[in-house]
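Each chain carries a letter (A, B and C) given by its place in the written order, and its residues are counted from 1.
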Amino acid sequence: METTLEDLTERLIGSYNCCGGINHIDGKNLPSKNAIAEITVDLLRLLFPGFFDEFLIHSSEIHSETLELVGSVLRRLENEVYKSLEYSTPKELENENLKDAAHRLTLKFLGNLPQVRAMLQTDIEAAYEGDPAALSKEEVIVAYPFVEAIAAQRLAHELYLDSVPLIPRIMTEWAHSRTGMDLHPGARIGTHFFVDHCTGTVIGETSVIGNHVKMYQGVGLVAKSLAAGQALRGHKRHPTIQDKVTIYAGATIMGGDTVIGAGSTIGASVFVTSSVPPYSLVIHEAAEAKVIQKRPSGAFELDFQI
Amino acid sequence: METTLEDLTERLIGSYNCCGGINHIDGKNLPSKNAIAEITVDLLRLLFPGFFDEFLIHSSEIHSETLELVGSVLRRLENEVYKSLEYSTPKELENENLKDAAHRLTLKFLGNLPQVRAMLQTDIEAAYEGDPAALSKEEVIVAYPFVEAIAAQRLAHELYLDSVPLIPRIMTEWAHSRTGMDLHPGARIGTHFFVDHCTGTVIGETSVIGNHVKMYQGVGLVAKSLAAGQALRGHKRHPTIQDKVTIYAGATIMGGDTVIGAGSTIGASVFVTSSVPPYSLVIHEAAEAKVIQKRPSGAFELDFQI
Amino acid sequence: METTLEDLTERLIGSYNCCGGINHIDGKNLPSKNAIAEITVDLLRLLFPGFFDEFLIHSSEIHSETLELVGSVLRRLENEVYKSLEYSTPKELENENLKDAAHRLTLKFLGNLPQVRAMLQTDIEAAYEGDPAALSKEEVIVAYPFVEAIAAQRLAHELYLDSVPLIPRIMTEWAHSRTGMDLHPGARIGTHFFVDHCTGTVIGETSVIGNHVKMYQGVGLVAKSLAAGQALRGHKRHPTIQDKVTIYAGATIMGGDTVIGAGSTIGASVFVTSSVPPYSLVIHEAAEAKVIQKRPSGAFELDFQI
């Protein structure tokens, strides 16, 4: 006897009732991942007008276009902020009407966009100065995935500072998916930041990064012991990187007490677990690898056999 | 004399006739990548109702909504399964009508969704317990790319076990593109699995992973010698990871005979090519890197020059 | 007194006037990122007809369908090429009408599609031969992210050779976002190229890669000193990889003078900064990591504490 659609549906609904993982069925509901992705794209349009659109804006229209977009973002973001505050109300808002709080926090956030733009201009400058393959700052904005990642992080960080739950992380994970770089919204990042190539770079929640810091793909600023899990919430678990530090591809820097002194350079694939003084150069003791001569007999015959 | 559109078209069609790389022109046709991406998204909606939608579902509607979505997924997936079986018929189905087989296998697959949900609940639990940055299990579902990756793998693994060609790999590559993590549908993965940050982690086809295993970004469970290529198909080429193992960022574990004993910890960037007993801690002999003092004269002047 | 939408808009427009990062307000305008993404998708459809579509094409329709798609791509790409030439005119085109130049270069580009197809067939062959998990060349095309990445690079490389600004990089960054692999449009890549898993692999602008080269995830072909930044533009900064070289996961090869001799194998996570002769096997001197026995008392209690 064949399974019917009705059977399949009943089994699934039975599973919903017993195993969790359901959102907003007659309960409080989470902010929408899709809505936040769309809002983030519109925030990027406000930060870099004209870069992601297919049609031109003339200066006679810039005021009305901006007014309309700001209004639309305000309305939609306020709604998502309200849902997130209702889902998990921060202590400092317990005595405020949450609709009012959502409106107030969203207005404050949008009022900070000019400062976020000013920070991002320093990042774009750093990217252009640091990469000989960059033709112009415009190319950096229109083509470099780094710009999406750092813009999303700097936006999300503003909401994070105001204790808005969920939305900051959804914003940075949107960028993570598009760029392969995982910048936590909690990280405090100075001016003139640049990560070349992006993929695989991970910067943890409590990292502190100075000005003029440059990184490459696959860098990790990570926590030391993670076995304790949730018990570590709120502690500084990730390193501090002072001004003018360069960190090459694949290097891992670990621990909340680890400080990389100003002007230091961390070599590729190095694993650093304690502080180094300013102007250090940290490389592998045995940076040279062993070279063995193979018999030159046909292409892949003598391939790698460990 | 200018090249015309007609010239360009003739040249391309000439190239189609001689050089391959064409799908379904009067022949058997492959399943559609786009259709499978959309089906996978709808399967995620069935696994986590309400998490990816913008509008609420009330409990009075949950039955009819679920029934409709299950019906739609059944019809579309069955069609793709049929195309993939027709394209490359598994031995065990050679004597069955392929339309019937596609219907039967798709029904079986959908009937297993509650078990897949139960497995995924253990993964979400592990993610929440293991990451101090996680605020709640709901945040894990709505924001963590890991959930998309492991859900796609567990779904694809069901089809892989039933020898459905092509579709499982298209499903996991959809998630790979979104998360940077490449989990092969063939890998056997136990309960309470978690990979933090995801990007760059690669788990090969014949890997076997126990329960409560935790990994970080950039981990590889890979095959030893790949020079033999297609000749190795069907052999166990990837390692076995026993229960309660933790593998830090960038570690590579190689080979089908390699077994990482239960309760072991593999340090960051370690390269393991043979088995280790239970409760081992594997780290680099020379974990400490060399620190050289640079002359503190101006920012980048003394930069890294190898 | 509450901030109004008008206030927010005025502040943003004030920021536009002082801080840059605006595109095409009554000035020259950049090519559109979205338009180029859509054109790239359509170019993939021309390269691999039927692979990404949901509906079949019959051979009676292939001519008219191809003619229409070629015409549409010509018109749209020509428009973007014109914008990019106007934005930053290459020296060799300074005396040509830019609309004519855009038309001429776009026609030339489309006329080269058959050669690009022929190159890509060798890559697909290499992917199929080299990966025991691949069931067929069709599976490689439809499921492997590598195909998108190398197709976008080979297309972009044609435009790069003709000094078209911006568009090549936007094309490869589109693929970078989807695959996690950053192949610069400037890299010269031989036949039968394959990168397994892709994520994290970075190949710089002036890299030269021979035929039958195979790589894994996380490989970097990178520049030696990057402190000089823009001053290095135009120099060969990235390595040369000769024929039949295999480079395992996470290896970094650095510097414009570094040549990896034909038939060599570079082990996982190795860091190579000088040339090696043909048929070399390069591995870590201390490939073996230290194994310490932990006390087997309960799961994570004795976890990694550095």
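Assume contacts are C-beta pairs under 8 Å (C-beta built on N, C-alpha and C of every residue); 3 or more make two chains touch, one makes a residue touch a chain.
If you want to know which protein each chain is, UniProt gives these names: A, B, C = Serine acetyltransferase.
Keep in mind that what you see is a predicted model, and the values were worked out from it rather than measured.
**Q** Specify, for the interface formed by the sequence copies subunit A (Serine acetyltransferase) and subunit B (Serine acetyltransferase), whether it is same or different in terms of residue numbers shared by both sides, with half as the dividing line.
**A** different
**Q** To the nearest 5 degrees, please report the angle of the rotation taking subunit A (Serine acetyltransferase)'s Cα atoms onto subunit C (Serine acetyltransferase).
**A** 120
**Q** Cα centroid separation between subunit A (Serine acetyltransferase) and subunit B (Serine acetyltransferase), in whole Å?
**A** Computed from C-alpha means, the inter-chain centre distance equals 22 Å.
**Q** Check each residue of subunit B (Serine acetyltransferase) and list the ones that touch at least two other chains.
**A** 180, 199-200, 218, 226-227, 246, 250, 254, 269, 273, 284, 286-287, 300, 303-304, 306
**Q** Which positions of subunit C (Serine acetyltransferase) touch subunit A (Serine acetyltransferase) when the two form their complex?
**A** 2-3, 5-9, 11-16, 19-26, 29-35, 87-88, 165-166, 169-170, 173, 176-177, 180-182, 184, 186, 199-200, 202, 204-205, 212, 218, 220, 222-223, 226-235, 237, 244, 246, 248, 250, 252, 254, 263-265, 267, 269-273, 276-287, 300-301, 303-306
**Q** Which part of subunit A (Serine acetyltransferase) faces subunit C (Serine acetyltransferase) closely enough to touch in the complex?
**A** Checking each residue of subunit A (Serine acetyltransferase) against subunit C (Serine acetyltransferase) gives 46-54, 56-59, 62-63, 66-67, 70-71, 74, 107, 110-111, 113-114, 117-118, 120-121, 124, 128-139, 141-145, 178-180, 196-200, 214, 216-218, 224-227, 246, 249-250, 254-255, 268-269, 273, 284, 286-296, 299-300, 302-304, 306.
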